[in-house]
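Each of the next two complexes has chain A plus one more chain, namely chain B in the first and chain C in the second.
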Partner chain A sequence: MKSNSWKPWALLAPSLSAVFLLLIIPVCFVIVYSFWLRAPSGADIPAFQMGNYAKFFEDFFYPKILIRTIRIAFETVILCVVMGYIPAYYFYLSQSRYKQVFLLLIMLPFWVSFIIRTMSWINIMGDTGLINHFLLKIGLIETPISMLYNEFTVLMGLIMYLLPFMVLNIYVSLEGIDKSLLEAARCMGCTEWQAFREVTLPLSLPGVSAGCLLVFVLTAGTYLPPMILGGPGNDMIANLIFKRVIGTLDWPFGSAISVILLSLLFVIVWTYNRYLGINQIFKSFQGN
Partner chain B sequence: MKHFSPGWTLIRIYTFLVYVFMFAPIVVVIVLAFNPKQFGIFPMEGVSLRWFIKLAQNESIIEAFRNSLILGSLTAVFSTGIGILAALAFIRFEFPGKNTFNTILLSPIMIPEVVLGVALLLFLRFLQQPKSFVLLLIGHVVLTLPYVLLIVQARLVGIKKEYEEAAKTLGANAFQTFRDVTFPLLLPAILAGALFAFTISFDDITATLFWATAQNQTVPVKIFSMLRNSISPEINALGAVMILLTVTTPLLAGYLSRKFSKVRS
Partner chain C sequence: MAIVTKEKLDRVYDAYKNGRLNRRHFLKYLGLAGASLGLVGVPFGGAVRDAWAAKSIRFDGWGGSVSDAFREHAFKPFTTATGIKVIDGEFGDMNSYLTRVKASYPPGGEFNIAHLSAVFDYARYADLGFASVLDESKIPNLKNVMVSMIKPLREITKGTLSAVPYDLGQTGIAYNTKHISKAKAEELGTSLLWYKSLKGKLGSWGGDFRTNMWYAALHTGQSPNNMTDLKAVWAALREQRGLMKKYWNSGAELMSLLANGEIYATVAWSGRVAALQQEGHPIGYLSPKGTYSWMEYLFVLKGTDLEVAQKLLNFMLEPAAAIAVAEGQNYPPSLDPSKVELTEKIKKMPAFDATGKLDGYLFANPEYWNANQVEWTEKWDRIKAGS
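Right, the complex of A and B next:
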């Protein structure tokens, strides 16, 4: 085995150098840049000062966006659990011949472009969209209701994007439950509901929590749904970063906001890993 | 175990409604692509192909499609290539720090694309290089690598080491063993990984918005800039083409690989 010790490193060299060079070093640059100064001329001046962070927490404007991001992420997580658990449970117990097809179908939105899934809500909820057209037709309303560009539509876009992740995570952990446990519970006199509450639900919680973490992390960094389906008051932290970096070219401040977002996610992922273990998350990707 | 209870019926209805929620918007995009009228969305006034024809005549959209296809294919090749090597290292060898390195390689999944976009762009700025196609390519390789790695690793775990050892006992060297034993067994996962990488690259919007220039716009970036004005039937038609392309590719690949494996066995 001794003579082989260089081999894994040779195999790992391309991917490790790619990730180090193109991810880790650039992220370090973001951290360094977040302490720099921005001259009035727009030039970046190397420095070590907390001005960019102070600016973020100076008044309520920026923290409000941060809090909104966290709130929307929690709302998305809860809605995804509520909407995702039952379909996953259905796949687990269903004996339909078409079960595999159903499962493939719930994955299908993965393959449909994110931007198309997001903008498709405009067709549904726009002033001349499907819902208004229907309500006008049946005479329930006289003039179209304006439904777009608020937090609700942003949430719709987010759920459309993230629900498959949740369903998949829950399904993977349900699939791992030995069905004979359920039969045993039923034999001992449990009702179907009791068997679910006492056996299935607790055993599926690792999948639920993995799904929650994934959905939270992906929502917190999301850019597109608030951009396309939200109004001016629905910006999330990623939109702010984009505006500062691409819009006003304020690299140091944009970097500082990126570091704040990264720290938030790091704390959450670290806490999760400490108490629950991160590996469950990766299982769902290996399933398909 | 048969299910006839009212609870089970409710579960089925609920699942059905979730499907409606997930699919209605996508179906509506495809239906509206055939909407002949220029302004407003509903009601539809007949069926027409005029927006598809207009798309086919739009030089900049054809250009964006070409960019996306080239970018997606190259991303798939590079990402799968280095992903296979890394998977072999993780599954076939023991070495110190294995778990840590595995986590590092999977970390791009957990880092928001916006941060990745800023980070790579900032690095490029430090190196005083202009944005280019190469930036998009390396960025997309980093984005897709974790998924390829996960898929290939999962398959590799299931391939018994004994096959490779048998080949070696019979006198094959390491490369021959990989070419004649491991690679054919790994092929489905390699194809799945490459396909996944292609689709992620083809669809990616957030990070690509940071990295793309006017010269190398991809289709999602093009749609994004078209959406600035408002939704139009032309965007729906473009969406329908994208859906057709990204949905049929994996289905076709799955069908072909099943057919292929039947022929072999």
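Right, the complex of A and C next:
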């Protein structure tokens, strides 16, 4: 019998080629670059040395920014779960014929450039922005409240960017729950809260955890909200990479920081897979 | 299959432009060109690109009001006069542009002309091998340019030129006149940037260690081109950081912060301040002793079609074009006022020198600053981040 074993590979070839060309090769380049040296003019000198990695850990400056990034990423995840579960649950229970419109509204922010969305907060929260203008107008304050360029505004920018990812992940997971299970729980004497706690919440956790992973990874790698809405001292690790690569033309050191970030994210994803299972992400899209 | 040559493509393109060839046939020919490119590969690979490149040139500049002035007063008239399209790109700072140039393939090959700031950048590009050698006989308008602006370039590229000087400006201090009087600003001078009453209302350019160190040197009573007490400079920058509201990243952000009253004082590019003043914003400009002055150049990158580049540079140095651009971007042109009659508006601009000799202007010494760039940039980044 003629073997058909090549067929799956033939079908997978376009995707595998894309992953190879657009992900594997660039990552390999970054890894190789991380061992190179940089000339004062900005030229890169091929070498194999660990100086760039040693530099990252030689004092607490760089690790401190990495720790800050992880902390902000966790804070963003927690806030997104809290703020994202409620609308997702509402959409799940909603019998409204406008449900699809509501879901579409979740996607609405993606139709506007991320930079424009982030910068719009300046017009809302700035010293001459909408909020201050309103508070001054009604006489509640005499001088504008300084609200921008701090960690709070960075968090706000991140949530604005990432909340839709969380809502959609949770919603897809909730949508897969058989509603008759809730009815069964209620028939067996559960209150509405107990039914939610014992049935809905556990079954929606794959979606929550998938959303958490996605939000965490995206937060760790983003640099625009800290750059536009952050003040002195609010830089995250991606800003550091941006400055090393773009600002000082130090590609080798920028690559080393990227590899460190990549390794850390790999450990987090591995841990997630070990204890929750990466297949939970797919489950959340398939229903439970 | 017929092999496509540059000449054939030019003929076909001309025929298409003149209406002698319809679009379907033109596209068919382009398809053939693509196929032959794929078949014959590298020896003819450049033909198609060259054919198209001859009809356009890429120019990268500072964006915002500066790019608007270039576009309106130089590129559009140039395209009308020659049919050559100028594709203009933008960058926020010099390093980010250099990164893109480095990353292009072949390095620098995707870029043609850049509006570079200061001689130290000219030196960096030359050191990295991106310099072209211009044929000065093809740029007759170069004779009107200040000799004092050409001389430092020749010294770096051993008598040749890779760029033409185009304008000069200053990084002085901008302040909000509603909150700081002119008398107070002049009394404080550089120390306005360390004025404790302005805590939470100060800004600075986050992307440039030079500007920040320059003013810290002045604040601590040192010469910016020969700082003898670096500890004092770093301490001053640390102290200033505690007073900062925002380190801005681009000219557009600088203008937005000042115009919206988010910050009351900051280092600022003279042309951007002039633009804000013309829009009616209550912004004053201070240029204390030792103000950071700089010259800007139109740098031609290696691999560029020099015929086209030289044609554009000569057009841009034509007094009518250079004056219009200068008035548009609010920076004095490189034209020597002793050779070319400039307008009253230009004569009132900060950094304008009626003698054309630029004596007494303080520019960054390229050797001094470039030699310490790596160490100082990193130190500055650390201080800015709170170290």
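In the analysis below, the second predicted complex is superposed on the first by the 256 of 288 C-alpha atoms of A that agree within 3 Å, B and C clash if a C-alpha of one lies under 4 Å from a C-alpha of the other, contacts with A are read in each partner's own complex, and residues count from 1 in each chain.
Going forward, a residue touches a chain if its C-beta (ideal position, glycine included) is under 8 Å from a C-beta of that chain, and two chains touch if they have at least 3 such contacts.
Treat the numbers as computed from the prediction; the structure is a model and nothing was measured.
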Is this a clash or a fit when chain B and chain C both end up on chain A? clash
Name the contact category of A:L93: first (chain B only), second (chain C only), both, or neither. first
If we overlay the two complexes on their shared chain A, which of chain B and chain C does A:V154 touch? Say first, second, both or neither. neither
Name the contact category of A:V199: first (chain B only), second (chain C only), both, or neither. neither
A:I122 contacts which: chain B (first), chain C (second), both, neither? both
Just chain B (first), just chain C (second), both, or neither: which does A:F114 touch? first
According to the stated criteria, A:G231 is in contact with first (chain B), second (chain C), both, or neither; which is it? second
For A:C80, is the partner it touches chain B (first), chain C (second), both, or none of the two (neither)? neither
Would you check which partner chain A:A210 touches, where first means chain B only, second means chain C only, and both and neither mean what they say? neither
Look at the residues of chain A and decide whether chain B or chain C touches more of them. B
Considering only the touch criterion stated at the top, classify A:Y223 as touching first (chain B), second (chain C), both, or neither. first
Residues on chain A touched by both chain B and chain C 122, 126, 128-129, 245-246, 251
Name, in rising order, each residue of chain C that touches chain A in their complex. 93, 95-96, 98-99, 102, 124, 127-128, 200, 207, 241, 244-247, 249, 256, 260-262, 370-371, 373-374, 377-378, 381-382, 384-387
Contact footprint of chain A on chain B as seen in their complex: 1-3, 5, 7-8, 11-12, 14-15, 18-19, 21-26, 28-29, 32, 40-43, 81-83, 85-86, 88-90, 92-95, 101, 103-108, 110-116, 118-123, 125-126, 138-139, 141-142, 145, 147, 149-151, 153-154, 192, 199, 202-206, 209-210, 219-220, 223-224, 227, 231, 235-236, 239, 242-243, 246-247, 249-250
Contact set on chain A toward chain C in their complex: 38, 40-43, 61, 65, 122, 126-129, 146, 148-149, 227, 231-233, 235, 240, 243, 245-251
In the complex formed with chain B, which residues of chain A make contact? 1, 4-5, 7-9, 11-12, 14-16, 18-19, 22-27, 29-30, 33, 83-84, 86-87, 89-90, 93, 95, 102, 105-106, 108-109, 111-117, 119-124, 126, 128-130, 132-133, 159-160, 163-164, 183, 192-193, 217, 220-224, 228, 238, 241-242, 245-246, 251, 254-255, 258, 261-262, 265, 269, 278, 282, 285-286, 288
